[in-house]
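Next come two complexes, and both contain chain A; in the first it sits with chain B, in the second with chain C.
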Partner chain A sequence: MIWFQLQSLMGSYPLALRGLGMTIALSGISLVLGTILGFALGVLRTSGSRLLDSAIGLWVDLIRGTPFLVQIFLIFFILPELGVELDAFTAGIIALTNLAACFICEIVAAGIRSVPTGQVEAALASGLSQWQRMRQVVLPQAMRVSLPPLVGQYVLLIKDSSVVSAIGLTDLTRVGWLVVQRVPNGLLVFAIVGIGYFVVCYPLILLARRLERRMSAAHGEVQL
Partner chain B sequence: MLENFSFRTIVEYLPLFGQGFAATLWLSIVSFAGALAVGIILCAMNLQRSRLLQLPAKIYIDAIRATPLLAQLYFLYFGLPRLGLVLPELVVGILALALNSGAYIAEIIRAGILSISRGQVEAGIASGMTYAQRMRLVILPQAIRVTIPPLLGQAIVLVKDSALLSLISVAELTRAGQLLASDRFMPAEGFITTAACYLVLYYGLKSLAAFSARWLGVRPIGSRT
Partner chain C sequence: MIEFRGVNKWFGALHVLKDITLSVEPREVVVVCGPSGSGKSTLIRCINGLETIKDGDLVVDGQRLGDRATNMTELRTEIGFVFQAFNLYPHKTALENVTLAPIHVRKIPRGEAEASGREMLAKVGLGDKFNAYPSELSGGQQQRVAIARCLCMRPKIMLFDEPTSALDPEMISEVLDVMVGVAEEGMTMMVVTHEMGFARKVAQRVVFMDAGAVVETGTPDEFFSDPKTDRSRAFLSKILRH
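On to the complex of A and B.
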């Protein structure tokens, strides 16, 4: 019985590869776009303008306060009503990029705030321009604090990409859902789907842990 | 198109959203209680010296953290009947949420316990306390204080995660939005109302977390909400 099912599963491996490809494409594109946008928002948030800070803060709260599934539905079903034609893939990219940007903005802003003001003042005294201060003094130090949570956030976003299967994108989770209709062994099918995600996510989790350990060691904190 | 945004339809569907809100609230509370139990057991196993207890807990926590909740939900939903366990969707959903959040809670509690300085433990040993006494009188009272704000952060994550249960047709908040969207072809009305209801829960829990952090005198943690 199991043997027969395994054979039947082997038949759907091109589909599984396509699903894995879709998951990687979706998360890869949105991670790159979301990181760029998130850094820009994080820098704007700490630029000193109260209005910008609270506007970005409100948007981040709205996104963090609602389920990602609801955000996808809003984007996928409402943007067309506003006259924006989009397919499921674009909708998924928009939703994931927005989510990534909001989380990364908070991580980057926290990193920038952790840089001592003396550093900025020293840069000012050395006559560096605002752009030079940011690029050469503040961001390199902020990055050291931000890097471990940033990698951890990437893992969360890759996992969140599974939710776009709800609007019919054939990602890894959707492939599992399709296959289980033919091969009625949910334990086997979704264990394989899980392994697919594990292979992508686990190295990143280990990387985040390592970065975190290195950072707390650098700060002289005792590891218990 | 959004100029014909129909508040009247929303009012008409308000009882449905009320039921969905109540369902999301109570199924989140039940799942969170379950997750706390799972988390405490996993953390207790993880802190033991014996590898035999430690290893299964570590593998479980890593497996949960490296795979999406939706895949875990489908694993149980399509997998349990295979084991002869045919449970209602709601029970499967609560089980998935509790098993998933439990892994994260185990890590939160562990971080809380490990944050207690070694000197405290040594002082306990020097005072002649047993392991159980040290745990109960020295470590846990302090550890609980620092874990409450991040636990509330995890509660926020759990409430939002519970939206996925609508995909296995559990009648909750997101499902209410889907029903309005598909019955009347009004996705804007349906999903904006749904989002507003989640925001009420989010801001409630968020201020509770901030209040508890101030009250307990610990640093509020943004964590992964």
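On to the complex of A and C.
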């Protein structure tokens, strides 16, 4: 019986690969976009403008305080009502990017705030511009604090991408749902789906641990 | 070179600078002393805009601070500032610390900046520490790197905010020796310090502050041997007792 089911599962491997590809594409793209946006928001949040800080803070709290599934539905079903036509993939990317950006913004802002004011003053006193202070002095030191939780956040993002199956994207999780209709062994199918996610996430988990260990050795900056 | 005219500053309700009028001529070395909380650090932090003034005029190198026409970032490149806590960049080596601003602000080619950076580090006695990170240096060595970092910008003015207060006693003289060297080369300097030996050796003037106001100014000889006010006498009797 189980042998027969396994054989039948082998037949679904092109679908499974497609699902894995979709999961990697979704999380990969939103990881890159979310990192860029999150860094920008984190830098803006600590730039000294109280208005910007509280506006970003409100948005971040809103996103952190609502379920991701609800956010996806809002983007996928409500935006078209307002005249913005979105395919499921774009909606998924927007939702995931936004989620990632909000968490990364907080991680980056916390890192920037952890840099002693004396560092900024020294950079200021030697005539560095605001961008140069950020780029040369503040961010390299902030990264020391931010990098391990950042990589940890990537792992969460990859796992959160499973929620987009709810709007019909054929990612790894949805492939599981499709296959289980043909092969009625939920345990087996979703064990394999789980392994699929783990294979993608585990290297990142190891990387995060490695970075954390390197922190203590580095002179305030992380070399990968 | 530096001119305070009726400068006032408040931190909330606290009046930290009271009607300061004071000027520093080119090539002059002025030592500022006074009890803690008297506003001396605030005074010199105003000169490069780390603090802003509430009213009065502060003119530095011919430019009035707070004017629209005054580019603070540009003005700061002409003013070296040495901090009590050194504030070296911990993720950069000694050489990278001293070349960062010359390369990025002065736009000096890297090779040239590194050559003069090495020369400057050698001058402050750290010719063998180019590639050391701040965490690998003693306090005295770090402060000498910090001074070299300022000198590499070829500033017109050097400000020192209690440069030896965070140092172990045996490291104080190595930093003061470097500062004496800088003074003897004709740098315009304002130094917040209680190192009276340094003041006697190179300062043209001592400014005594208390409770946010300049109480007394004079040559080091006048000030130390014949202080004019009760407050300066009380202060001197405390710091010179040991």
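Keep in mind that, in the parts below, the second predicted complex is superposed on the first by the 215 of 224 C-alpha atoms of A that agree within 3 Å, B and C clash if a C-alpha of one lies under 4 Å from a C-alpha of the other, contacts with A are read in each partner's own complex, and residues count from 1 in each chain.
Keep this in mind: contacts are C-beta pairs under 8 Å (C-beta built on N, C-alpha and C of every residue); 3 or more make two chains touch, one makes a residue touch a chain.
Please read these numbers as outputs of a predicted model, since none were measured by experiment.
Because the two structures share chain A, they can be overlaid on it, and in that overlay chain B and chain C fit beside each other without clashing. Looking at the shared chain after the overlay, A:180 reaches chain B, while chain C stays out of its contact range. Contact with chain B, but none with chain C, is seen for A:155 once the two complexes are overlaid on the shared chain.
In the superposed model, A:91 lies in contact with neither chain B nor chain C. Touch criterion met: A:74 reaches chain B, while chain C stays clear of it.
With both structures placed on the common chain, the touch criterion links A:64 to chain B but leaves chain C unconnected. Taking chain A as the reference chain, the count of touched residues is higher for B when chain B and chain C are set side by side.
Of the two partner chains placed by superposition, only chain B is touched by A:106; chain C is not.
Chain B and chain C never share a C-alpha pair closer than 26 Å once the two structures are laid over each other. The residues of chain A lying in touch with chain C in their complex are 116, 118-119, 121-129, 132, 136-137, 140-141, 144, 218-221. Across the complex, chain C meets chain A through its residues 48-50, 73-74, 76-77, 79-81, 83, 85, 87-92, 100-101, 104-105, 133-135, 149-150, 153.
Across the complex, chain A meets chain B through its residues 61-62, 64-71, 73-74, 77-78, 81-83, 103, 106, 110, 152-153, 155-156, 159-163, 165-166, 172-173, 176-177, 180, 184-187, 189-191, 193-194, 197-198, 201-202, 205, 222, 224. Contacts from chain B toward chain A in the complex involve residues 1-2, 62-63, 65-72, 74-83, 114, 118, 160-164, 166-167, 174, 177-178, 181, 187-188, 191-192, 194-195, 198-199, 202-203, 206, 222, 224-225.
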